[in-house]
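The structure appears below as structure tokens.
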Amino acid sequence: MAPETRPRGFAREIADLVGAVGRAMKVTFINFVRKPVTVHYPDVQRAYPDRFRGVLALVYDKETGEEACIGCRLCEYICPPQVIKVEMLKAEKRNFAKTFTLELYACEFCELCVQVCPTDAIVMMKSFDVATADRRELLFDKDRLHAVGLQFPQSWATGNLLRDMQSPPKAAKAEAAPGKAAGGPE
Amino acid sequence: MPAPLYYFIVGFIVLNAVIGMVTYVTLLERKFAARMQSRIGPYRVGPHGLLQPIADAVKLMMKEDVVPTLADRHVYNLAPIVFLIPCMLIFATVPFAPGLGVADLNIGILFFLAVSAMEIVGLFMAGWGSNNKYALLSAMRAVNQIISYDLPFIFAALVPVVLAGSLRLSDIAQAQVGFFGAFIFYPVIGQLAFIAYIVTTLAAENRVPFDILEAESELVAGFRVEYSGMKFALIQLGEYAHAIGTSFLGALLFFGAWSGPGPAWLGPLWFLLKAMAVFLLITWVRWSFVRIRVDQILAISWKLMLPASLLLLMATATWVAWSASGA
Amino acid sequence: MSDPEARKVVELGYGGSERLTMNMGPQHPSAHGVFRAILILEGETVAGVDAVIGYLHRCHEKLGESLTYTQYPSIASKTDYVAAMTSELAYVRAAELVGKVEVPKRAQYLRVMVAELQRVASHCLWLGTWCLDMGGALGGGATVFLYCIRERESVLDLFEALVGARLLYGFHQVGGTRYDIPAGWAEKCRQTVAAIDKRIDEYEDMLEGNAFFLARTQGVGVISRELAQEVGISGPLIRGSGVAYDVRRAEPYSSYEDFDFKVPVETAGDCYARYRVRMQEFRESIKIVRQALDGLPEGPISSRPGVKSVGQVRVAKGEGYARVEGARGEVGCYLVADGGAKPYRMKWRGASFSNLSVLHHIIPGHKVADVVAIMGSVDPVFGEVDR
């Protein structure tokens, strides 16, 4: 603010200041009359997208109704924080999982276990709401995992669907290619 | 009834009313600020959050009173009280209706301005007694800032005094009788004085954009950082009481206090509404701007506000003298 | 320079020379994470700053040696957790560089799109927290913060529809991406981006020309051009000081050469210049997202089959350094592979770590209030700094 231009400079500055103050207060006023964006959770649930990565669960086979998990332990090996522990139970036609524990309090929700499962046994649900006051309740055993699988709606992603989405199309998948190229399911 | 008893009762009522108003004004501010930020303020405690201030008060009363080991005990403990008393005392001179007030002194506004400046002592005691560098830094900035802004504050508040010709607050309000008699409608002088009043009030009450001394993001609550529980509640009470007090003063000086359409007994209600309007204006400014640095605040005060308000006062005085002699 | 006497933090602080040692500790509302700055003050002016980091060290580089190429990308997002997409991209590109893996065109366009959306989201957070630091948690800063978070939420909703997660994605894999865009996402993306474009006009209205804002940011924290080139900063910091260096132009990766965008450069070097650079980057990123959506080619999203087992990806012996332009600067990953399923050694070049080294050159001489303004304009994320 050079002294020789002070009269005009000063008035100009004051005018700028008033303009800036007015603009800032106008923006806050506009937001004052806008509708708030608050969602009144938990009275109102937010609509979760199809691919929401929520709580993990084990599911049953759609046709036979048996447990889909064959105890192959691929999910245990790929889990980055190593929260899954599986013991296989051998039987005549197919294998089962004797015990399946998942430490949900340490889970990263990265969906890698879902991705590798060959039988689409482990999936993620469209909910994360298993809050509890005791961490031990978040150490899911097989029964709890199956119960969770029946309790919440399931997300879109299963192992086979994810792998199909990622793999380059081969000749055998040519008939499915138009659907895939258009960009995945709804 | 004997005069001391009358004044005691009226004072008691006013004090409790002020405390009640302060707690609900926090809710008003929170909801107003929330709406400006695309959200809803307190909502779940009581219908639309109406019981939130009570919940806050109960919480603060139940909190443990933590005193730092090396704090200067007497200074630390006395500071909230020394801070609170001037902030409450200013309501003594405010007339809520013609003749209705605790003490309508004939130097009313002088008392108000002088006493409201005394909160600095309590503030500095809080900062010093806490044995905390953040508090100390904040207290030193506070002394700087509030003292610098008290002068323009006084000059801006003196403009309506000069226009009304009296220091008594009810006289100033009487001089604005009628809807368009409010001093804010005075050509040029009224509006400029009001703007100066608002700006200096923001600074004297440590509100953004001048809240450098409680800058939450740098000094983490400034001089209040070591206070918890009821002492913190007293400091909060004092701050908001001061804010409302200056809002009432602004409504009285510039908007004509109790004048408004309708019967005379609606007067206090109009006064309250106008004071809340001034308070909301201050709140609107508060939630729209970032704060400025302390050296810039002091520069604004000494280089801009003080000369400007002094000039304004002299212009007002000249105008009043000229119109009195000419007309 | 920092005072050697100040190494001991004295209780009452007056070390005999009118200097006060104040700790802006790891727990601080505006430390942008866990960062300890020991400030040596003379009155209100900072005479020296001593930075202490390491509070968020989580052994990422060791994790990189014990996790395979299929497992680590979702962990990589946790370095720069505010701009997770670009962090993962650095690791995955390093593996692809060393393993000479081709990435299909569609995957490259998807990567560009999510990287630019992530830049928009990250800059929203930057603007919000910076104004919060400068304006106070109860005040105008909080207002701008909530507006920016509101915009960021719409971008995060897009990511949620795409990936399923809002903050830490696991979107990339060696060879491409893991997810393709669902039906209806492109339209939603266009709408979101258009809405954000308009809202940025509002923020500029609120802040540009605002005397308070300009007084806080102009002339504060000036990084001269020479200092910028000496110290090794990158990203909006170096572009705010007049050096037009952007990894997307210097070493184009992932089809960035197909896109038409400007690299904003300002010469003043102060906080305001960096602010202007980031505000212009908003617009440029939105332009790139629109171009990517318009020109998205058909094809697979990964050149490798989907991950079926943990040791599926093996990278042949070799080493290489891949870098991306993250929201904060150049994020790089140096990978030494030995033919197995896990890297032999992986080193992160954190953008914020190098950016923080400029602090002790520019902070001394400013007031305490400027320290937060400068820290905010440097925009560190301590996941990147401490790894």
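Labels A, B and C are assigned to the chains in the order they are written; within every chain, residues are numbered from 1.
Keep in mind that, in the parts below, a contact is a pair of C-beta atoms (placed from the backbone, for glycine too) under 8 Å apart; a residue touches a chain by one contact, two chains touch by 3 or more.
Every value quoted in this text rests on a predicted model; they were computed, and no experiment measured them.
Asker: Closest chain to the overall C-alpha centroid, by per-chain C-alpha centroid: which is it?
Answerer: Checking distances from each chain centre to the full centroid gives C.
Asker: Comparing B-C against A-B, which pair counts more contacting C-beta pairs?
Answerer: Of A-B and B-C, it is B-C that has more C-beta pairs in contact.
Asker: In whole angstrom, how far does the Cα centroid of chain A sit from the Cα centroid of chain C?
Answerer: Taking the average C-alpha coordinate of chain A and of chain C, the gap between them is 23 Å.
Asker: Just the number, please: Cα centre separation of chain A and chain B in whole Å.
Answerer: Chain A and chain B have C-alpha centres separated by 50 Å.
Asker: Need the CA-centroid distance for the pair chain B / chain C, whole Å please.
Answerer: Between these chains, centre-to-centre, one finds 43 Å.
Asker: By residue number and range, which residues of chain B touch two or more other chains?
Answerer: As it turns out, chain B has residues touching two or more other chains at 36-39, 287-289.
Asker: Would you give the residues of chain C that are in contact with at least 2 other chains, written as numbers and ranges?
Answerer: Residue numbers touching two or more other chains: 140, 143, 147, 150, 206, 210.
Asker: Do you know which chain A residues sit against two or more other chains?
Answerer: 21, 24, 27-28, 31, 37
Asker: So in the complex, which bits of chain A are touching chain B?
Answerer: The touching residues are 21, 24-25, 27-29, 31-32, 34, 36-38, 40.
Asker: Would you pull the chain C residues touching chain B in the complex into a rising list?
Answerer: 11-13, 20, 22, 28-30, 44, 131-144, 146-147, 150, 206, 210, 212-213, 215-216, 367-372
Asker: So in the complex, the part of chain B that touches chain A is made up of which residues?
Answerer: Touching chain A from chain B are residues 32, 34-40, 43, 284-285, 287-289.
Asker: Quick one: which bits of chain C touch chain A in the complex? Just the residue numbers, please.
Answerer: 67, 70-72, 74-75, 104, 140, 143, 147, 150, 153, 157, 160-165, 168, 170, 173, 176-185, 202-203, 205-207, 209-211, 298-310
Asker: In the complex of these two chains, what residues of chain B are touching chain C?
Answerer: Per the stated touch rule, the residues are 33, 36-39, 70, 131, 133-134, 137, 141, 207-209, 211-212, 214-218, 220, 286-296.
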